[in-house]
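Each of the next two complexes has subunit A plus one other chain: subunit B in the first, subunit C in the second.
Entry: the complex of A and B
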């Protein structure tokens, strides 16, 4: 990929190809990011952003329990979602890869990730149809006489978690499936020849081999889940706010961009920390 | 043998249960978009197309649909173009600090959309640029450029390089090589990048929400519909969005992946 094409073209003209994309990224990503980082050290004086260059916003975040709680709620929900999604998606991916006939696999997989292609906002709304007090689930439970009063399903943390799990099970099934089918069938054959049963083969051979793939999928789930605003806002209601909801609250009601900027930076630092942890853990696994 | 059968039974039960979980919300969404009544909840009263008629009669929704399509097509086209040029420059020439350039181009992928939107909001506020569909489009190019660059860069192999060299020997200039040789050869991955960008931009909410003011995209308009609670009209527009995405997916499947799988 590094040797240049010999010919009559001036190598300096290479810049002509690369510079537009670089300029775009500089102007609309790097510069805005720097601005945002700078704004996180500013404060709102009479509704105008004033660059005071202090840690006020950060200190306030760790000082006010309801702000800090948002971070913990976010972490709690995200960890639960990541764990449940992996546990549910792995068997599904395995069954599709191992039990479903080869020629049907593609169709079954497409069906399994069909709702992936509805709009993100609409998907959360669909769960609301099931969860509302007179919705599908309460209706079915009351109709069959299991409960007499409708359950409070919408506007709960569980609703947020179920909505998230629904989305990430699809994503993880896709990534884990592609991991499983890439494995050479010889691993399985060798294990079976050496006397391992189906479970032993899976536990000692297949699972460890797909672990790096699972980690990548789990990390992706973590990142997308902890930064999401839509699902908790639609399904979780207003009692247990996650960090992105609090950030949007700063922007909406008070137009407090500095506070929102500082919280976004904190959110980003948390994701970076988790990334470094994952990296370390993966390295330890390999050695 | 019994164990084997038990495992098989468990597998199929699990498969069906998970399919129920995955498909149930969409099934309910589509079913109650035909509800003959004012609430999209059981019991199902009967079949009507009235809510679809209302969607098509809703000027704001139709305007939002149009906005979404223009932003998606415009931003994907630009992202593809910028990504293609950058991929060509970086894979065909030896440039100083090329690793750093690649990292820079990929960097927006590692940052959440909320942060990208906030950064742009701060800059637009500061420089007095008014929020519009253009600012939304700028945001969408930022998130899709790394994707387009990565996809196209990954498919630029030595195979095309020899053909490009041959074209040069025969007297083609740089631009002619790009236009007549490289772009056609890479068309499958360029199309894949384009359609993937299209779906991302089409469904993107937070950047569109924060960077638009009067003209909004479809997800933002649907978002404001949600404030009125459960409504079969929301089901109808949701089902339509689903249908459009399926068509897009089908186009992607037949145009790009089918062609690629052939030798």
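Entry: the complex of A and C
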């Protein structure tokens, strides 16, 4: 049965609604992307962009280990952040959806995502106050006699990961929670009736059914995390550069837009590859 | 109330709102038309209201300032702007010839500038003039050397740059994230003058730089490296100087700086008029104002960072404490024991930036 809720089957009217979105996508994604792709094959000669069609920028990226390392550092941090965020966010979302009374769920959810309301930069700098040599953590550890010298917590990859996880746990909690509350309680009852215990019900029924929510949140986390350069800049102390930081160096220090464009394309290809890998789970509707 | 009456009220409301909006817009437009605007591409020390306001009031002009960091960023902004968008440019002294060659800076009349009142060493005619024509004027200078907390570091150790690489200060160092001064300092530590840095001796400098990175805790921009030193996160800042410690002299008297026996780097910034500015006279007036003794004192003690004024007459407008923080009385000795930033050609500059990125990544 055709499920046209508007009752209008005229394909011309469908186009009427689709065209603005297509124009928007063309103007703000396809055209800029095409321009960036073309620029990535250009080269910088005597500080002037010369439009050519060679792979020089790409070859240089893979030829210089310290540039290539940026991609690996980005992947390492992003995968760690995504994994840790999922592990922390799922129980939190489950507790809110299953254990908190319905009338309090909205309030608890607001509390959980409260840090979203502060500036991203301020949040990162706040972590710096905790992590610094004279920060809260080191002072507490030294005050209680556990350590005698301050630990290096700031300006490390771990600090970057913690800063990211703090942000993305909130995002994942939202996506997983929305998936959990949509789940009919009949699934759980049916599993229990068939003799499954609590763990088996969760493992074989609840988890697979909430996988789309997890994957959507995880993919969003991956995309946002791998493209971010502010948190690594503030918390990482320029000690191991992620790819976006290297892209910013090309723009800010060398005004080498073609090199920055080629690295951005590489970053985008990585995101596309991950999207294709996750494609089978990236749908929210349940069949 | 009937639907028609509501509709009439809505029409009246919209008409009134539009009329008021037009009047407001027109009055705003007339104000804008009456007041000229000057667009300046500057470093963060030019953004204090106290510095800009006297010029704005005297000339009935609004000075719009855009901050940037690093000449590459400035060139990129200019490249992406329309001709005439910018009227004034503040630029690293060492990069003035590059800006002139690229046609960015226009000629300014040398006799309209107060260089006779300047410290002779910072007039830097080699940088600011080309073929007998003046394109910029030095406005502020200072040093990239070693800043440190004298309660945590032996000040005597800081007089020898070799101690930066010693185990004693392992993990207690921050490096200022600007490749030219730090590569210059590293070259001085190897006995290489900044003017003698070449592609041949860069491998030696690279090794030293990577070793320095291993001994450091972080590499940071102006704000983060200054914060790291001020909060005790690190005890030493390589590439620091009065621009880091002087601005904090009241709150953090324990912060100090020194030019080690191997020497230090002298930074300078110049100001000039954009070649394609439509407001050449007004832009020149701004340059003259910035290099006047009163403005020089304000620029020297800006809220962003401090530095020595190029104009000696600024002394009259600085307090004894401010002059002490700037080490006014030591300038003769400091000027003689400091070298200018490296001035690499494009190929050497690319190599230096490659080495710098590699250092950051290790």
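Throughout what follows, the second predicted complex is superposed on the first by the 248 of 287 C-alpha atoms of A that agree within 3 Å, B and C clash if a C-alpha of one lies under 4 Å from a C-alpha of the other, contacts with A are read in each partner's own complex, and residues count from 1 in each chain.
The definition used in the following text is that a contact is a pair of C-beta atoms (placed from the backbone, for glycine too) under 8 Å apart; a residue touches a chain by one contact, two chains touch by 3 or more.
None of the values given here were measured: they were computed from a predicted structure.
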item	value
Partner chain(s) touched by A:132 [first = subunit B, second = subunit C, both, neither]	both
First (subunit B), second (subunit C), both or neither touched by A:184	neither
Which superposed partner A:13 touches (first subunit B, second subunit C, both, neither)	first
Subunit B versus subunit C as contact partner of A:47, first or second or both or neither	second
Touching partner for A:148 - first (subunit B), second (subunit C), both, neither	neither
Dominant toucher of subunit A (residue count), subunit B or subunit C	B
Which superposed partner A:28 touches (first subunit B, second subunit C, both, neither)	first
First (subunit B), second (subunit C), both or neither touched by A:234	both
Touched partner set for A:64, first subunit B, second subunit C, both or neither	second
Footprint overlap on subunit A, comparing subunit B with subunit C	132, 134, 234, 251, 257
Complex interface listing, subunit B residues touching subunit A	4, 7-8, 11-12, 14-15, 18-19, 21-26, 28-29, 32, 39-43, 82-83, 85-86, 88-95, 98, 101, 104-105, 107-108, 111-116, 118-123, 125-126, 138-139, 141-142, 145, 149, 156, 161, 164-165, 168-169, 173-174, 177, 199, 202-203, 205-206, 210, 218-219, 222-223, 226, 230, 234-235, 237-238, 241-242, 245-246, 249
Subunit C residues within the subunit A interface of the complex	69-70, 72-73, 75-76, 79, 102, 171, 177, 179, 217-220, 224, 231-233, 346, 350, 353-354, 357-358, 360-362
Subunit A - residues contacting subunit C, complex	46-47, 64, 66-67, 69-70, 132-134, 152, 154-155, 234, 237-241, 246, 249, 251-255, 257
Residues of subunit A defined as touching subunit B within the complex	1-9, 11, 13-18, 20-22, 24-26, 28-33, 35-36, 39, 49, 88, 91-92, 95-96, 99-100, 111-115, 117-123, 125-130, 132, 134-136, 139-140, 166, 169-170, 198, 223, 227, 229-230, 234, 244, 247, 251, 257, 260-261, 264, 267-268, 271
